[in-house]
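Note that chain A is present in both complexes that follow, paired respectively with chain B and with chain C.
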Partner chain A sequence: MTTRSSALRGSGTWNRWSGALFVAPYVAIFVLMLVIPLCIGIRLSMTRSDLFGIKEFVGLENFSRLFGDPVFLQAVWNTFYFVLLTVPVLTVTGLALALVLNHQSRWAAVLRAMFFASTVLSVAVVTLIWRLVLIPEGGLVAVLARVVGKAPVAFLGEQALAMPSIAVTTIWWGIGLPMVLFLAALQQVPRDLYEAAALDNASRARMLMSITLPSIRRTVVLVVIVEIILQFQLFGQAQLMTGGGPNNSTRPMVLFIYETGWKQWQLGYAAAAAQVLFAMIAIAAMAQYYFSSRKNAP
Partner chain B sequence: MPVTGVRLSAVSKRFGEAQVIDNLSLEVEPGEFMVFLGPSGCGKSTLLRMVAGLETIDQGEIHVAGKRIDHLPPGERNVAMVFQQYALYPHMTVRENLSFGLRNARVPADEIALRIDAAARRLEITGLLERRPGQLSGGQRQRAAIARAIVKKPALFLFDEPLSNLDAALRARTRIELAQLHQQLKATMIFVTHDQVEAMTLADRIVVLNDRRIEQIGTPMEIYRRPATLFVASFVGTPRINLVPVQVEESGGKALARLPGGATIRTDIAFSTLPGEPAMTLGLRPESVRIADAAAGDARGTARVVERLGDRTLVHVALADDTLLTAEDRGDSSVQTGQAVGLLVDGRAGHLFAADGMAYHGGVQ
Partner chain C sequence: MSTAFRSRPPRMAIALVTLAAIVMLTPMLWVMILSFKNNAALMADTSSAFSPPWTLANYRSILGEGQVFTWLMNSVVVSLAMTAGVLLLASLAGYGFARLEFPGRRLLFVVVLFGLAIPEQAVIIGRHQMFSAASLHNTYAALVLPGLAMPFGVFLMTQYFRAIPREIDEAALLDGASRLRIFWRILLPLTLPAQATLGIFTFFHAWNDYWWPLISATDRDMLTLTVGIAATQMNFAQTEGLGFLMAQAVFAGLPTLLVYLAFQKYIVRAVAGAAGQ
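Our next item is the complex of A and B:
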């Protein structure tokens, strides 16, 4: 009997199936909620459809239309511009905050909690707060501008300022995540490395460059890619703060997809745009997988 | 290599409410290998880290090579430290690890290359210089860590339990190599350990620390032969010293110790030097208690446990009142568990300890 069961185990058949049983619930949900909708989406993207269903199969026509559509191209550019505005600042500021707050004191704990607190707010609350800060009629910035004798600025109404304003809002909202990721990484760096460096007469700047940054470089890569993936999906802030204006200057891809699909009822066209966004995020996700699973020195 | 010494004067350190080092003074001679020995939490590592500058001191002064250093940052103290976990920079090659401190000190590049070359040859890690610490074995990391200390040509070497992460065989080998290294470099070294074998084999002098205080400073043999306190006697020496409560009487000017069972041991300790309390503790190293015939000897008992070590045999003997004594016998001892044996006690090698832990020895005071 022992021989038999160990032979079975040796063949791996039983192991394979019992293993499959354990992951089955997850796989079922994954297929149902992700794979099937993805396939439906891809199919939809090759059709002309509205709310009443698919009208006709059009192949890649939606995609070729997309790349000639100035509004979509503007949305793609806006999205990249937004990612460019937010990701470097989130990464550098998150790291700076983590470095400053990475010690055991009451103030550090209070400040860590405060900087993280904004993360738990909903997008509606965040955008409401920042509209109150930014509106030219009685907003916080306008009041402060008046104090120093400057004319108030319509941050959300000016093409050059609208997207940077959304970026500032987003950074304020999302700074908690990179900060805690960096804090966790910093706490993994062995203390005695810093002590050895202190005995090696290293300045603080030298320790940062030669000990801290090399030790947490995987987390830096992780934060950059996670933030790229997150910020590619900009939607709520733009919709609630500017509605995509002025002059389409703040319309990101997700808002384009939403409006094309649910306001103009061009579901096939919207699905095609969604596939483009999906491809972009998939590339970033693969980059993250590549970097995080790469095996080289610690 | 400059030959220098260390002086700690009335050094104190508190962590919040806890006093970790209390008004401690100590001198390390130039070129001396000094070992701080003590149990966990006795403050020996803290003391080392205070010399290194990794802990501040609350009171007192520290001088290295005649220069006061306790107010200087660690990098300017001209000391090098080998850490328990080696603390090699994981993302740098061994060569970069060795050169890091020298580059920070703006040593010229050709000088750095020369020093690394010499240190690598001395520690036989020349072939490993381009590897990273993650690609080295524990023993190789240890060598790299020592090499990193050597290239700095410091006035003082500090070792914080550097052998505790090595397996037994490697530890014994590294111990010998460290002793050789010290002979070659003739540098002042302070070595922290809780392992008395390391302390005995490496040290020129040992500082035995317990409970934030210095119990004794002395050469290994002084520490072993003439322990200053009950703590030192019981902490140093394997197997552990026998400690028996005795009643002390005078006999011909010397102290006579009466065991609980009634047997008496004649010591070489002048009775007049004793504090006068009759109840004391007699300390006897196992090698001064030998096994004899059941009929002979100064005391009689029953062998409870027999440990055969090859070159000698340790016999744990229960006296009539169940006091346990560890005695030594020849390697080919025929004593069996449960056998009645006699004990020949060399009372001249015995120590007496008063209730406060102070030790009294025979011979030259």
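Our next item is the complex of A and C:
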């Protein structure tokens, strides 16, 4: 031990740089798996490339082509539509569940566990479950509809219903996260505020409006941004449940990138679409950073 | 859990939430009963699932057919390797960033933090090309290495090391302990709660990861359970073995649900921590 510690403090240069050895393994992986692939992607986005490599440098041509490509524009619209369908419901329902289940008792603990359980399943299992709920031939909804004498509906086959069906599946899958984030925030609300309000005989609704909601408003913003970033990256549900159909109505941006890259092997074009997605997510991530770094401010 | 409201929420609210919880569980229960039915009976009418006879035949065919087991083992190997790797790299780096001085430390940490904002979509094409060039697709290395770069672990561990009082390392330094020894014997044991949180988060992340294994592992024997179940689902329309498919879903979902039940507290903390960063 003594030899090693004296060696570590030996020369000045060694001492100056020895700390870097601790971060070196991670930084090497970080550069190799994130920084270099990011640069390759940016370079690819300005080329015409296929499976066999870069054909030619085309500058920003891929980007101008994207904004004239009806399939891509439809995918952008589909992505925003999906975010609009899911994020408000996830936020409001998550908050409602947290308000009711923020209670120290056995039943509240059991119910919290039930609402979070689906979050731990993989996208493959979630979509398999929901296809068996939604298929018109013998799905759970069709079986229940038959009991009340209704005809089965092809939820995933009808253009107006396909995206809402994927949204329902996603809400079922992801409701645990906003609930847990709101529960954590509710724990931070100072209890003496409620005690003072109780002394004033304030009603439950009054406490909710004047104490609880104002105290957790930063968390509300944070949950909205986190969910926008998450739902913006919709991929597996659409790929597995509808494959983007019917009539391109459920193809989100990530599925567009996947199909352009790995089905049509237009890697340069796919990389350009990926940069557009990256820019959109970066804006939301900056907003998230701004709000989370201010979260602890008075 | 300490709580703001001492009094119970209104009865009406409790009733509504309980009803919602039952609705939440219904799809899982539906799939579970389907998995215990004979395939031919389900082909005729799925509502036969509500009445006997039930059978274990679908689960027996999973055990008989090796592929699902291969996928399960792949998922176990990949998830454990990624978890061990992330814990090691993030702990070393977290200690380095929180405690040690070396040129460029602050700048490097800011660069790593920026990594938090890089979505997988922005790097996946370049990464796929790199692994193609190195002929590494369809290996465990390809499935594990990208996950090790996740900046969240370094961020979490740096925060945790910073929260440990400096007097602890200074006392050890005076006793002549080396940096490595202080890290390994004194500080690391103090970070066990963060290790548990990060470890469980990484395990789930690896187990449920979909896009990267989908494009990297194309050889059927190298699929993870998640990608394997997705692949069998692709020919869903032609399937005659609905019960068998459902048994696969239960088989694939059960490991994560059991780990969740066992480590509920840590999982909830990990997921909330990763989102609230």
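Keep in mind that, in the parts below, the second predicted complex is superposed on the first by the 265 of 298 C-alpha atoms of A that agree within 3 Å, B and C clash if a C-alpha of one lies under 4 Å from a C-alpha of the other, contacts with A are read in each partner's own complex, and residues count from 1 in each chain.
As a convention for this text, a contact is a pair of C-beta atoms (placed from the backbone, for glycine too) under 8 Å apart; a residue touches a chain by one contact, two chains touch by 3 or more.
All values derive from a computational prediction rather than experimental measurement.
Superimposing the complexes on chain A yields a three-chain arrangement in which chain B and chain C fit side by side. Contacts of A:214 after superposition on the shared chain: chain B is touched, whereas chain C is not.
Taking chain B and chain C in turn and counting the residues of chain A each one touches, the greater count comes from C.
In the superposition on chain A, contact is made by A:122 with chain C only, not with chain B. Of the two partner chains placed around the shared chain by superposition, chain B is the only one that A:196 touches, whereas chain C remains out of contact. Looking at the shared chain after the overlay, A:206 reaches chain B, while chain C stays out of its contact range.
Of the two partner chains placed by the overlay, neither chain B nor chain C lies in contact with A:287. Shared-chain residue A:270: touches chain C; no touch with chain B. Distance between chain B and chain C in the overlay is 9 Å (nearest C-alpha pair, rounded to whole angstrom).
In the superposition on chain A, no residue of chain A contacts both chain B and chain C. By the touch rule above, chain A contacts chain C in their complex via residues 1-2, 4-5, 8, 16-23, 25-27, 29-30, 32-34, 36-41, 44, 97, 99-105, 107, 111, 113-125, 127-133, 138-140, 143, 146, 172, 175-177, 180-181, 184, 186-187, 189, 191, 194, 204, 212, 222, 226, 229, 233, 235-236, 240, 254, 257-258, 261-262, 267, 270-271, 274-275, 277-278, 281-282, 285-286, 289, 292. Listing the residues of chain C that touch chain A in their complex gives 1-5, 8-10, 13-14, 16-18, 20-21, 24-28, 30-31, 34, 42, 45-47, 88-90, 92-93, 95-97, 99-105, 108, 112, 115-130, 145-146, 148-149, 151, 154, 176-181, 183, 204, 207-208, 210-211, 215, 225-227, 229-230, 233-234, 236, 242, 245-246, 248-249, 252-253, 256-257, 259-261, 264, 267-268, 271-272, 275-277. By the touch criterion stated above, chain A contacts chain B in their complex at residues 190, 192-193, 195-203, 206, 210-211, 214-215, 297-298.
Of all residues in chain B, only 52-54, 73-77, 79-81, 83-85, 87-92, 100-101, 104-105, 132, 134, 148, 152 touch chain A in the complex they form.
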